[in-house]
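One structure is given below, encoded as structure tokens.
Residue numbering begins at 1 within each chain, and the chains themselves are lettered A, B and C in the order written.
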């Protein structure tokens, strides 16, 4: 069997090529961030740490879906490989002209359909409905406006009065007023807090209103199982609840220009008292303006 | 032509009942429906989604400065041109080459009238009054959609002019083939008219 | 039917065509098919080169690119190190080139043009001049895309999806991209009209629709998708051009502030309008990429199992159903844009439904192997590899189609892995199968099987090394289109997979060397073979190799279905469609 030997040879060559690449592959890259980030990030086909109250529902869906996919693929693959070996062309072997009545294939297709319906109607639709409709009541939730721009996340807190001030694109000044807050014209705007970091309380629902100043971005909290496009001209609420304190990342998931890759912010999940202290500190007028 | 003779270029296919060119033009028109359909859908979406006030608000009918009279005249011009187009094909079908050609010439003249009216009484005065595509989304859609339609009219003008003058030699070689081509041109031309018949109320009346 | 007989003495009277008319501005579907194939293969190689450059930056961020870094020019790179704008330009052009200039022209323009008329027993396409025009318009579109690299600011850099408003405020390359797309769309439209008319009007006598080879069916449905899905993108392109050039606000809402400057747009437009128009095309486009591939795989599998395809009619119904459904699933690309419950439920449901016909086709192809007699030649290896690879690509679409799961996976590398499994080891493997399968028809010679097997094994291994790690990255939450994922902790933690994937890509590039050698050397050195070397049943093998102008010496008449292999009581194990009686 000449053919078989050459195949083995080929496989060896291929393996050698991969092996030759391995040393270079193992080269580590130095981290670019100085702030240590909490959580585990999947090394082999696993989801990142989940620190949210409801994220496990999404994780479960993803896991069940993959289990279903694996069953299908393995079952199908066994039949496939069996056919490849059993029905190879060889002397004395002939193909059958008559087609088999493959009832199992019909059962398979129906089964796929049923499982898909279950995954969709039983898991996905309720989760989606809860994500979209179960917004916590305003008095219970901690509310932040998230304004995306090339290439930063701006976080706008309402301040002690609990009311967001008016913003106007004409007032935007990249250095002093990136949100375009109307601090003169609107009394609610006076105490509003602006930061480049997201600080949220633990164990309390949070509503983020996502919008954008320029192009489309996407607000992605990997550890919270939250993703929402930031569309200019629209303000879209998302909600979640953290169950664990720590420092995590806010990512931009939608190509937004040259520095899309660096559009990263930090998310600090804090006990309510720490958060209040931070907000108080942030709310003070800058030192140089104090008479 | 050196190509091996293809069946059904002139004579209809016994089962489908059409010659290939006619089927081709119908398919082309189907794609054109999708093209203008997408634009009309965009019109609906943008109009429904327009802000209630501010510079981006949808302009009132008076603010569009479109005269339904001029639009109406152009509608009439195109409808008549459709009739002359059919007449041209009918005459050719009855073997009256000269008469058919006159009707074709009339169609061409009407098409040119449409373009002249569009430019001289609508586009140019609008530009002079500073009403540009960037003014607001109504004008953006108006200029884009009527502009694209205008390009289609221009395309029709070129094709009709071709068959009127250099292309008419085909009649002497193969009258049926030539008549078929006029039929296809006619189908296209009716479609261009039809688009206008949708555009006119949408832009001038609604 | 009289004119069909005009044919008989026609090819004796061809005036000899000049070189230009014969090989460059030819109206012969076979020459045009070869032109499409060669141009598309070059574009595929070019698009792949772009991604090999990008993979360096991904694996070793900020390090100068070895060998070719200095050639990249100032807009793309700085002293041989890729710039973010360069990365984005390469990314956008990789997508555009692979989809619109590589794969579709290869499997539709190339294979469709060459094989389909032969398989239906036609002397040529219904509109030969229009066919030539499609090729040259495609060629011009390709040139515009290539020249856009030299535009100020470089080529388009807003992704192949060109989402507004980013694309509207982007550098000049985007305008070139839009003009290029208008040309490519026009070319596809002309081509699709030609395909549909040819299949409807020019089938040989006796060749009913249900006797058509499955490849022809796949081309037929594909042509309808191109015909009806592309115009909305053309409209969208026109609107975006207006936004860029005439200052309209189709996709621009009020009050945009880019880099601190209030934009001069009146506003009132919708960025989502672009996405709807774009995906209305681009989802059917996915099926344009996969249906002809399924068609080719079906041809190769039927031929090399020496057995009729299982569930031929079922496959045909499935492919038609896929075509219809592909028009009403587009918004599953937009779940994360803030879609409500009802619309998302609708599009998720249609997405689940559309998976069923794909499962049916795949199952039918696998059941076709049962009780067959599998001939392991090179085209068959690629066709067989298509099946599990397409299965992976298709299955990983499932979590993406479930809106809730999509929250985590949307716009991550998981998506990249998913559609590359469909298109790269899926469609491109099918295309390789097609090339090895029909090469003898085009040239009269076979490609070298030993080189072909080396090509197959290496490609199969490395293509998985490239794309499998992407699922791991995606699960970890790494977003797509990142110039440097190590900015994020979750990117840093899976950087090893990124590097492996990059090495896989470069090795995959090397693995194509045997193919390229084989492709050109076999033109002269390949083994000369008969007109029907694979002992196939479909009509293209009834024509001489290579087929002359006008294709068939005698107009074929069809007596039976396309895959009559191993018919009981026959001497030979194949019964060609055009033979009235079995050969003695």
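What we mean here is this: a residue touches a chain if its C-beta (ideal position, glycine included) is under 8 Å from a C-beta of that chain, and two chains touch if they have at least 3 such contacts.
The shown structure was predicted, so the numbers you read here are calculated from the model rather than taken from an experiment.
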Innermost chain by mean C-alpha position: C
Farthest chain relative to chain C (centres taken as mean CA coordinates): B
Separation of mean Cα positions, chain C and chain A [Å, integer]: 30
Centre-of-Cα separation between chain C and chain B, whole angstrom: 34
Centroid distance [mean C-alpha coordinates] between chain B and chain A, Å: 49
Chain B, residues touching no fewer than two other chains: none
Multi-chain contact sites of chain C, meaning residues that touch two or more partners: 254, 267, 270
Residues of chain C touching chain A in the complex: 60-61, 83-85, 88, 157-159, 163, 165-166, 169, 253-260, 262, 267, 270-272, 305-308, 310-311, 336-338, 340-341, 344-345, 348-349, 352, 355-356, 359-360, 363-364, 366-367, 369-376, 384, 387-388, 391-392, 395-396, 398-399, 402-405, 407-412, 450, 453-454, 457-458, 461-462, 465, 471-472, 475-477, 479-490, 492-496, 499-500, 503, 507, 510, 565-568, 573
Residue numbers on chain B that touch chain C, as the complex places them: 2-11, 13-14, 16, 20-21, 23-24, 27-28, 30-32, 34-39, 42, 45-46, 49-51, 54-58, 132-137, 140, 143-144, 148
In the complex, chain A residues that touch chain C: 6-7, 10-11, 13-14, 17-18, 21, 24-29, 31-33, 37, 39, 41-48, 57-59, 61-62, 65-66, 68-69, 72-73, 76-77, 79-80, 83-84, 87-89, 93-97, 99-100, 102, 105, 108-109, 112-113, 116-117, 119-120, 123-125, 127-129, 131-133, 149-150, 169-170, 172-174, 180, 213-216, 218, 220, 222, 225-229, 231-234, 236, 249, 251-262, 264
Contact footprint of chain B on chain C as seen in their complex: 1-4, 6-7, 10-11, 14-15, 17, 27-28, 122-124, 126-128, 130, 189, 192-194, 196-197, 200-202, 227-232, 234-236, 238-239, 242, 246-250, 254, 265-270, 273, 276-277, 280, 549-551
